[in-house]
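I am attaching a structure below and will ask some questions about it afterwards.
Chains here go by letter, A, B and C, matching the order in which they are written, and residues are numbered from 1 within each.
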Amino acid sequence: MTILQIRDYLQQFFDSVELVGDGEQQVLAPAKIESAKVGEVSFVANEKYVKFLTSTEASLVIVHHSVAVDQFLPGTSFLKVKDPYSAFVFLLQKFVKPRVIAPIGIAASASIGDGVLIGEGVSIGAFAVVGDRCTIGNNCVVGAHTVLLHDVVLGDDSTLFPSVTCYDGTMVGKRVVIHSGSVIGADGFGFAPQSDGSYVKIPQMGIVEIGDDVEIGANTTIDRATMGSTVIGRGVKIDNLVQIAHNCTIGEDTVIASQAGISGSVTVGRQCVIAGQAGLAGHLELADRTQVAAQAGVSKSFMLPGMALRGYPAQPMRDQLKHEAMLRSVGAMKEKLDRLDREMKELKDKESMKGTA
Amino acid sequence: MTILQIRDYLQQFFDSVELVGDGEQQVLAPAKIESAKVGEVSFVANEKYVKFLTSTEASLVIVHHSVAVDQFLPGTSFLKVKDPYSAFVFLLQKFVKPRVIAPIGIAASASIGDGVLIGEGVSIGAFAVVGDRCTIGNNCVVGAHTVLLHDVVLGDDSTLFPSVTCYDGTMVGKRVVIHSGSVIGADGFGFAPQSDGSYVKIPQMGIVEIGDDVEIGANTTIDRATMGSTVIGRGVKIDNLVQIAHNCTIGEDTVIASQAGISGSVTVGRQCVIAGQAGLAGHLELADRTQVAAQAGVSKSFMLPGMALRGYPAQPMRDQLKHEAMLRSVGAMKEKLDRLDREMKELKDKESMKGTA
Amino acid sequence: MTILQIRDYLQQFFDSVELVGDGEQQVLAPAKIESAKVGEVSFVANEKYVKFLTSTEASLVIVHHSVAVDQFLPGTSFLKVKDPYSAFVFLLQKFVKPRVIAPIGIAASASIGDGVLIGEGVSIGAFAVVGDRCTIGNNCVVGAHTVLLHDVVLGDDSTLFPSVTCYDGTMVGKRVVIHSGSVIGADGFGFAPQSDGSYVKIPQMGIVEIGDDVEIGANTTIDRATMGSTVIGRGVKIDNLVQIAHNCTIGEDTVIASQAGISGSVTVGRQCVIAGQAGLAGHLELADRTQVAAQAGVSKSFMLPGMALRGYPAQPMRDQLKHEAMLRSVGAMKEKLDRLDREMKELKDKESMKGTA
């Protein structure tokens, strides 16, 4: 691909893509600015990476319009845009090497149950297990060793990497991606305590419903509902090792980072961001666009859209930061308190001397 | 099932089940009170759900004796009991749809090692691997893709969902359920530091023993002991993504919620509750009926039965809540301190003026 | 093995191994000192276990030179060394029972792709999937159900337990051990936010590189880089359920305990220790030999080697412990403040009485 071709490609998505330098050079691969070589394209979106421009060997760097590129090495060309990061992300898609998760067609070793409907252009990998009455949409990819229990539905164009498990009844939307080791639809953690201290299992009779355009990372678990559905809304992105308990509803375009845990019957709004290792207690609700900081522990509902939360128990970000700063001032308070105590003692001593004078 | 049949069923387990309304209606499915339709049964166990009784279409609702049901819609019948939640849980079991984890019999594609003993009524799914000298009790279900290394024992009536892994020597009791992706008996995390900064692996020679009636969620890990056994007591319930390290002992009927982590050589008593994302440091002991709050970090033993713990490092609940409230009062303390400081200054100024007068 | 043979074996690694008692007894197995029986060997490395020496039935106990062993039972012999724990660890390796992860050779049921290179002495278990163009070094063990996508390289003498998944392009060093359920090389969690609140996936084009002598626990996830490599250095030891995000570099001989999470583009130095459930925010750097306490949340870089960190946000251990102690003194401060307030009021009352006198 030449630099001119890259400019033309980016102009489909972005206004005013300005080329500085030689447009005929060939670009073969993307690279980080720290290590880019001749024939590679990189980007600088952050001031602190501008320094690498003086030494990079990259053939092409995508930068912001404001970068004065004339000062840099003549071997490097530049494309100036308004949002270099997004432009680079779009460009990356041109360089993706084809990844084969499973060859097209149904592997001879796959186990396909009774009454299964399989669309066109489907790939089902070695040793995959598709249970009775499952439906696999067009162009789906089911990786090797992935297990669908009975009555699972995959929408068109969805990809399950190897060794995913979907329990019976799981409904997966279109263009969904689920990475290896994730378990969708296992029983919710519901046990009724008995008077002798033991527990009786509460049957978990619901399912999991996953909307279109969802991506789920590796080794994540999403439990089926006790009744009804655990719902993952359209466009939700879930990282690795996340726990989503039974009966939760996650709003559209919400993002959940690694190792976060969402307890049972929680409702998370749309376009929320739950950072890594955060935890949400059961039966609470978060409004749209709520942001939960890493490791925060949310213990109650926050119904005002767009709040940022932090700490344990989680508080609005500004209050919590103020509280934390206040706590850091306790040492100074203690010193002041001790000084006042001394001064008080002196004053009282004087008073009492006067009294006895 | 008619409402009269449901009443008769519940009377086997509960005293004084009182029917109000038509007992001849058919009930086909359970549902949540918010969404129940004609032909469905639901329950209200909590005051805040009583409001739904004015609008529900449910054919049957299970309520507490104290609920004045006459005011509600004539289409709905009621069963009044002492504990509506438990009654509903028992009733749910009548509605469970049959779930096929693996058909009865040994799948032709399963790999069965030498010297394996298999009981009656066993199901072993596609591509399951049963290592040499394993014993599978009567009526066990071994899901597709589940791997038992050699010398594993499953007690009668146990169910391993697809893609469980049990390392060599794992002993599983009766009526145990293990969900997909869990790994039982992997090596404990034991490495001896060397003077050059590297580590030598400490052989992990023990096993994991799981008692009767244990349930283990998805993607949980329980490590084998260095020597002897990591022991999960009878009736323990473990959620998803939980870590139980080598040489732990978990007492009977203890419950461990998702993403909790228990370090090596910890002893947890009976009927404890470890909430989500809590962590226990190594080599400590918790007495029976200890309750550990979500995200708490327990750093030492608590030997008095029945304590509730919270915070990092975890403290008895009441002390910790008092401490947290105290911290929230620091802002007010600071204001008071500043006022006292001003007043002190004024007093001293007066004094010094007197002195110079 | 006789006690004399054990002494001779240990003398290969340790200076001055002193035998007290009968050297001819047979020792058949290792055991914990609390439960050791005749024919077993144990050790005491910690003062608080010395008490068990008065009652143990062990045939041999390894102790420190300073232990006065003459007072103990005549049935027990002793080996006195400088470091009883390390001596016992080395001795354990003599007792390890052979564990069969997969028999030598390629299982008939394994699926081997095109252009795969397989070394000598390799074991590939039942239903394992080895993708196109993979290279498997000499003496590697690939457990049942383990899946290697295409272009994966395993160095000599590496062991993948059953049900490991390595995505395309993963490079694994020599003598590496990966436990069941771990997923290496899944896509990094990278999505570019769009103006309508949805996200576009950022292609994850890099790989994971794992150095020699690394051990990785069960159900851990290590994501591939966006570009370039996520790097796990030589000798790193990683526990279960750990998350290592895209583009991280973990220095040699660093240890990461269970459920710790490392966000994207983090650089961890050599010989660091990250304790359980700790979290590191993205794009930060930790110097060599940094120690992060359990559940700590590290929010910025610490560039001085050898620091210990604790708390949220993580601070140097000493500062943080001082801070925590200071916070525990807030109750006392409050009392003092209230007393001063009363005294101030009294003083001012006196003053005002004087004024009006």
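FYI, a residue touches a chain if its C-beta (ideal position, glycine included) is under 8 Å from a C-beta of that chain, and two chains touch if they have at least 3 such contacts.
Keep in mind that what you see is a predicted model, and the values were worked out from it rather than measured.
Undergrad: Connecting every touching chain pair, does the picture come out as line, ring, star, complete or other?
TA: complete
Undergrad: Same or different interface residues for chain B and chain C, judged by whether over half of the residue numbers are used by both?
TA: different
Undergrad: Since chain A and chain B are copies of the same chain sequence, what is the angle of the rotation superposing the Cα atoms of one on the other, rounded to the nearest 5°?
TA: My answer is 120 degrees for the C-alpha fit.
Undergrad: Using Cα averages as centroids, what's the distance between chain B and chain C in whole Å?
TA: 26
Undergrad: For chain C, give me the residues that contact two or more of the other chains.
TA: Residues 109, 127, 145, 163, 181, 219, 241, 259, 277, 295, 327, 330, 333, 337, 340, 344, 347 of chain C each touch two or more of the other chains.
Undergrad: For a test of understanding, state which residues of chain B touch chain A in their complex under the given definition.
TA: 30-32, 35, 85-86, 89-90, 92-93, 95-97, 99-101, 107, 109, 125-127, 143-145, 161-163, 179-181, 213, 215, 217-219, 235, 237, 239-241, 253, 255, 257-259, 270-271, 276-277, 294-295, 327-328, 330-331, 333-334, 337, 340-341, 344, 347-348, 351
Undergrad: Can you tell me which positions in chain A touch chain B when the two form their complex?
TA: For this pair, the touching residues of chain A are 109, 111, 127, 129, 131-132, 145, 147, 149-150, 163, 165, 167-168, 181, 183, 186-187, 189, 191-192, 197-203, 205, 219-221, 223, 227-228, 241, 243, 245, 259, 261, 263, 277, 279, 281, 295, 297, 312, 323, 326-327, 329-330, 333, 336-337, 340, 343-344, 347, 350.
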